[in-house]
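Chain naming follows the written order as A, B, C and D, and within any one chain the residues start at number 1.
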């Protein structure tokens, strides 16, 4: 167990960054060592509360001097403060640039972007990384661990670089993995993943899509056959591209993801054995909640929690299964999972500060 | 073409009833002959504007005397007013009772409930009709036409009883029929219909599910493998139960349905031929809008219109198709389609009063 | 009555522009003469349905060739098409520039911006018009009529330039005018106008304020003691600045305004005489609905209508009055009122195409 | 400081009850002594997670045996468990009955209803209490302390019965008290309180008002000149009925209150002195956040926190002040304030478990 962990967060202004700061400030093992908050290298120091008034303390200084500040990023600053773990809540291009440098400085990285999640070049191609194919990138990629504790708990503990999973991918992989790993799924007949996400998943930049008038009272599908998270599904579930279809939708709610997943079993199954398979697989996973057969999770149950909730229904003939999986895209789908990874890296209880 | 059509609406207080009244009041061929508005047989007359203040006129009398009234239902009243077409926007049990009586009185019926949509007893069983198996019900059922003009235009014109389709069923059947009818769909590999509906679809009765605190900021699946509209899909698309899965979800919006539909083609297809198949099938259907390949409809585009909007994406290998279909559940999914049926029954232009 | 009226709309892409086009396309007296749709002078022609898919027709060409197009603005084009009335749904700076030119060309203008609403320079100062104080602007201002038919019906009929009122201002002025005009209000004790508007009022540009994550699940006050519509209240109600406070709020809904207005009467009043005063004042106004004493309008009742709804409550001592006024900010608060003005200018029924 | 505090919560199924349980379960001084959860005396034990799936733990037993249970209420049970503080999150009629009995049993009560908040019979009359005027009720009333720590911190510490304030009342009283107490407000000219609340304030019972279709995309005023919280304003601010108008509105959001308050100062004031007056008054109040002059709180900033946020704007002449006050109606407006009172009663830090 590390004795003093000093964390830094780059990308505080976004939604995942805000939740990450909130979790770190309340983390029992980090009491007295608030995270170093970092903004653009060429920016000016800025009170945290000016960016996120929700996080203002009550001494009235939140918008003036005093209180936590977001400081301009520099490697010197990280060094001076003795930072051992750097969270990157940054666009993936930035993470591609900075993660290698951090590793050189001996700083462990938990990257919330898609920069280091995919091991196959064919899956990475949608990202069009500027350094794709470079020797450095390839070397860094070999050090990266896909940061889904329920699947890769042991590798995470000692990883220098954690590729924190995508929010959609988390909801789908956790729902499918126990059944796929059991060898029960007839993937040749196709797995359908119909996912719906709140608007925070679309980022903080004001765009036509995130405008209230577009998002409210609406539902739209996007990225059909082309969403970036598809590669994570293929790699983590060991599937071929034609075996899975994933369609994300933009929901008129601030946060939360619900994925409805349709699959065929190779042979007839009972609800009780499906439930048992889930419980067995997640026996030691404190942040997954399995619903009893016949009960389904809803987005509302998981929002503001760090859980992934999973429930399912079997067809009468026991051949088809509909799984519903829910999580808070900013927590278990981003910041919560990042802190879960931190806990493992530091030898703490996996769910510390996350219940 | 009929010269004088007199309509009545039973069940004015619900959401579909309100939209129906609104459409009938504005219908060009019904100018000067407003619908007879009917409520419970044992109720008192009540101003329409007291139930739906939206429909109040500006003479200030909307909540007092004057203006349109909802009158207690009685067969005498229908006779006295010379009603030729009766809309039933009532629960299905009531429609089971009243439609036969109306037919006896020589009144044509457009029933918005699920009472008369299904020809096979096995599909009807979920409804648990009190008169299931009776000779009268069987006789009435043979007179009923499934009121989807795009599929049954000719039968509708002379039908004594129209079974207006379910809202979910409309969005799915219109999206699938052209491809199924063309014989392109490999139904053995399974068709997945993932539908999402606004809360008006759940009816006006205040329940735990329709409480704002449950519906808002939430998404939930329900009726998995058991929703009543499934039978309509099977009958209208001529599918076996194991060939289609339909999962409805409750969206945090007042109105609108989006169905995301996943299917396999038996052989490779081009986007252009799929689009052409849709356009061909709906060539004479004024209330279906086909989106160009690569463009998808959104709920927002169809809400407050009487259209069903359809778009699709093909997988790179041309074997899988994702269709997105949208409509306003209270209009094309209920009242709008009912008026479309009225238009056909009266020999008017199919889209009159609906554009 | 004019025989052939040809209209043009500049600024079609915004929300008010879209509603205006929708109203003009359905207007009974404009059948066969659709409005000329205009976009940026340096833009390319663009299908209307590409900008507003809601308005797509069903021939499938909405996103391709055919169907209505938005054409680049030019005075030649207006001339060639014989345009007699030009709607400006443009930012106020543009309206300041273009309205004078249109008048020179003999084209009547209905301007939906704040460019020409205010006769006193002190009230206009918040707009910081580039041509403030110029002789031309002063001359044009004298030709402008404040386009609130309920107050200025006769002047509107022959006006060359209509300054269509602000949305907030419409909801407040219509609610206050009958009582102020009757001399009943003790303005020295202060009138409080607490208004709440849906997000469409904030315009189509994606900004931090209109981002779904900011607007949803939220309420915020803004423009306290400084909102631009205040000048309209002062001028139309003949009040001094210290006699009225107006605070707008941003509601988490797409459209609709509700203003709650608090005033003191100079002497005790009965509810019946207040209601009578309203009915008397709006006796010939088809687009104002007065609610019976004790009943209040709600935003929901007026949204998608062209009405302004007004209701009130009196305190027990008859000295204080709380008025609630509702309208759809894009209709009675913008496009609907603009068409109402068009109707008057053309000698048509004031409410034609607006019920 | 008490050594062992055992709490019980009656009325767990409601929204405030749920938040209360959540706060008590996480309260640092209550670790290891979870609250006794109580339901109807004639009910059956029920898992907490069956009522509030959000609170399910991850052991999968949340919906079955194990986990926290809601037990049927009985005085014996309270005695057996050694309960020292009973929270009543019950309708006011029940609180009128039970609080006296609890006091007899030597159990301190924190009542979240309106049962014991008002000392004057005239203000209580709107509640129509069944025992109004009885000697017992009068005796109990004298023991009750209005549980607003910022005003009555010292009396709360030793009170046997805490009348937890109304949600609207909390937002208004905290915003007005510092200025009224300073003697700056010209109350004769009238104070206007225009409040807007999320739907959770309307309770969990499904009604026409709380139906999603009524609450969503809407805003409505209610209880004009007659809302029950008015009496709290009069008593706590020492005002006459004609000096204050309070109008609540139902917002289309789950939770949060924003009150916009309008007042006249007796003489001209500077923004800096107003801000200073607020800071002075709340110097020792950890759960009030004063915004710097020129910055206003928004509902979003306070939701899910236990703070009341206050900001203001002065008119140019320094005579009129518009105050905006926000809080989460279920936290600072109910459960959070209840725990704040518990903290004081137990000698703990006032904000323990509430930051």
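Everything that follows uses one rule, which is that contacts are C-beta pairs under 8 Å (C-beta built on N, C-alpha and C of every residue); 3 or more make two chains touch, one makes a residue touch a chain.
This one's a predicted model, so the numbers in the text were calculated from it and none came from an experiment.
Enquirer: Check every other chain and keep only those touching both chain A and chain D; list them.
Expert: B, C
Enquirer: By CA centroid distance, what chain is farthest from chain A?
Expert: When every chain centre is compared against chain A, the largest gap points to C.
Enquirer: Could you quickly compare A-C and A-B and let me know which has more C-beta contacts?
Expert: A-B
Enquirer: Taking the mean of the C-alpha atoms as each chain's centre, how many Å separate chain B from chain C?
Expert: Distance between chain centres: 36 Å.
Enquirer: For chain A and chain C, let me know how many angstrom lie between their CA-based centres, rounded off.
Expert: The mean C-alpha positions of chain A and chain C differ by 46 Å.
Enquirer: When the C-alpha atoms of chain A and chain B are each averaged to a single point, how far apart are the two points in Å?
Expert: Spacing between the chain centres: roughly 41 Å.
Enquirer: Two or more other chains in contact with one residue: find those residues in chain A.
Expert: Counting only residues that touch two or more other chains, chain A contributes 214, 216-217, 252-254, 298, 300.
Enquirer: Help me check something: in the complex, which residues belonging to chain D touch chain C?
Expert: 189-190, 192, 194, 196, 214, 216-222, 224-225, 242, 245, 247, 249, 251-254, 256, 258, 260, 262, 264, 296, 298-300, 303, 313-317, 319-320, 322, 324
Enquirer: Can you check the complex and tell me which residues of chain A touch chain D?
Expert: Listed in rising order, the residues are 53-54, 56-58, 60, 62-64, 217, 279, 285-292, 295, 297-298, 300-302, 304-305, 307.
Enquirer: Mind listing the chain D positions that touch chain B in their complex?
Expert: Touch list, chain D to chain B: 15, 199-200, 204, 206-208, 210-217, 252-254.
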